[in-house]
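Shared chain: chain A. Partners: chain B in the first complex, chain C in the second.
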Partner chain A sequence: MKNFVFVVRRAAHGTAHGRELAEAAMLAGAMDQSVAVAFLDDGVFQLKSGQCPAAVGAVAVTGPLAALAEDGLARLYVESESLAERNLSAEDLAVATQVLTRAEMSDLLGRADVILTA
Partner chain B sequence: MRYAYGDKSWPHDENGYLEHFESWDEDLAAVIAAAEDIILTPEHWEVLYFLRQYYADFEIAPAIRVLTKAVARRLGPEKGNEAHLRRLFPGGPAKQACKIAGLPRPTGCV
Partner chain C sequence: MEFALVVTEGPFTRQSSATACRFARAAIARGHRVWRVFFFHDGVGNASRHIEPPGREHNAAGEWSALAREHGVDLVLCVTAAQRRGICAEALAPGFRIGGLGQMVEASIRCDRTLVFGG
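Right, the complex of A and B next:
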């Protein structure tokens, strides 16, 4: 079993990166790998509640992320500094996500066998 | 391309997946199942309604291994195993069951 960390650094819907990474994380988790998804920088916007992706012809990211967390396929982490820099807090997020400091995030990345970014 | 039953019809894509998730009903499920050579039993309906709820909640059609885990967690391991699901849907539990349940083609499905 490998320790995968999927890193999301861009906001949702401008591209499909967030959704595709969530789908990849879901498949890795279903293959019994250890999977974490980390939201940094503008990636924290992926988690924001109140999104309406259908309005721009995009597909939801928060739905698959909720499925990941509920079925224990992956652990979700968000960086506190990235949230604060964007005037967001854990209460603004649609999906229950563990908040890590930048230092803790760097430990998480340091322990990964495989890092995939989007 | 459309499925038809009585005076009802439903558009589908080139692989037979329903275009509009919300337009699904049990008549349509029976039409698609017949085209796939499946006679629907209560065990089939359980999986179909499970998939409808999963998609309504999470907006994603689950791949086979994801589906197996989700069914095991919510309906128990005797239902959530690949052998049981393959017996019900020999054409591929995710691929075929999603089609009959009116979901899009599952992620990671070729």
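Right, the complex of A and C next:
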């Protein structure tokens, strides 16, 4: 088993990167790997409550992200500094996510065998 | 050392694909093995046999095909990403094949290093 970390750094809907990376994380979890998904920078917007993706013809991302954790396929982490820099807090998130400091996020990435970004 | 490469950008606007292909050749020249290149996100566009850049400009599909032909590198596209972007099996340049995300994970499990080009 390898320790995978998928790093999401872009907001939802403007690009498909987060959505497609979540699909890859699901696959890795289904293949019995240790999987974490880390939300940094604008990637924290993926988790925000109050999204209306249908208004722009997009597909909801918060449901599939929550399902990753609920199904035990991946652990979800969000960086506290990235939230604060965007005037957000954990209460603004629609998905249950563990909040890590930038230093803790650095440790998480340092322990990874494979880091996949988009 | 065995490498898995993941290419996430298209064939022309960004340099990621060309850099990845050159990295693969450099690694092979130094005695390493590039076991698989996985094309994900807009990276699936590198596989189109319809790419025809003018003059002597970089031809992404042609250079990847040559790498596969000369060194047996496995070139695999994410099927879902390809379908979303209109890349079907009939459109593939030689050496490419359609696969699934499981093959990206498999390559990362097997290989010593996974490098992502793009993003």
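Rule of thumb we're sticking to: the second predicted complex is superposed on the first by the 118 of 118 C-alpha atoms of A that agree within 3 Å, B and C clash if a C-alpha of one lies under 4 Å from a C-alpha of the other, contacts with A are read in each partner's own complex, and residues count from 1 in each chain.
One rule holds in what follows: a contact is a pair of C-beta atoms (placed from the backbone, for glycine too) under 8 Å apart; a residue touches a chain by one contact, two chains touch by 3 or more.
Just so we're clear, the structure is a prediction, and the values are computed from it rather than from any experiment.
Once the two complexes are laid over each other on the shared chain, residue contacts for A:L27 go to chain B and to chain C alike. By the touch criterion defined above, A:G63 reaches chain B but does not reach chain C.
Contacts of A:A16 after superposition on the shared chain: chain C is touched, whereas chain B is not. Contacts of A:G43 after superposition: neither chain B nor chain C is touched. Of the two partner chains placed around the shared chain by superposition, chain B is the only one that A:D71 touches, whereas chain C remains out of contact.
Once the two complexes are overlaid on the shared chain, A:T117 sits against chain C while remaining clear of chain B. Chain A residues in contact with chain B (one complex) as well as with chain C (other complex) are 23, 27, 31. Of all residues in chain C, only 6, 8, 40-41, 78, 80-81, 84, 100-102, 104-106, 108-109, 114, 116, 118-119 touch chain A in the complex they form. Residues 54, 57-60, 62-63, 65-66, 68-70, 73, 107-108 of chain B are the ones touching chain A in the complex. By the touch criterion stated above, chain A contacts chain C in their complex at residues 2, 4, 9, 16-17, 20, 23-24, 27-28, 31, 33, 113-118.
Chain A makes touch with chain B in their complex at residues 23, 26-27, 29-31, 59-60, 63-64, 66-67, 71-73.
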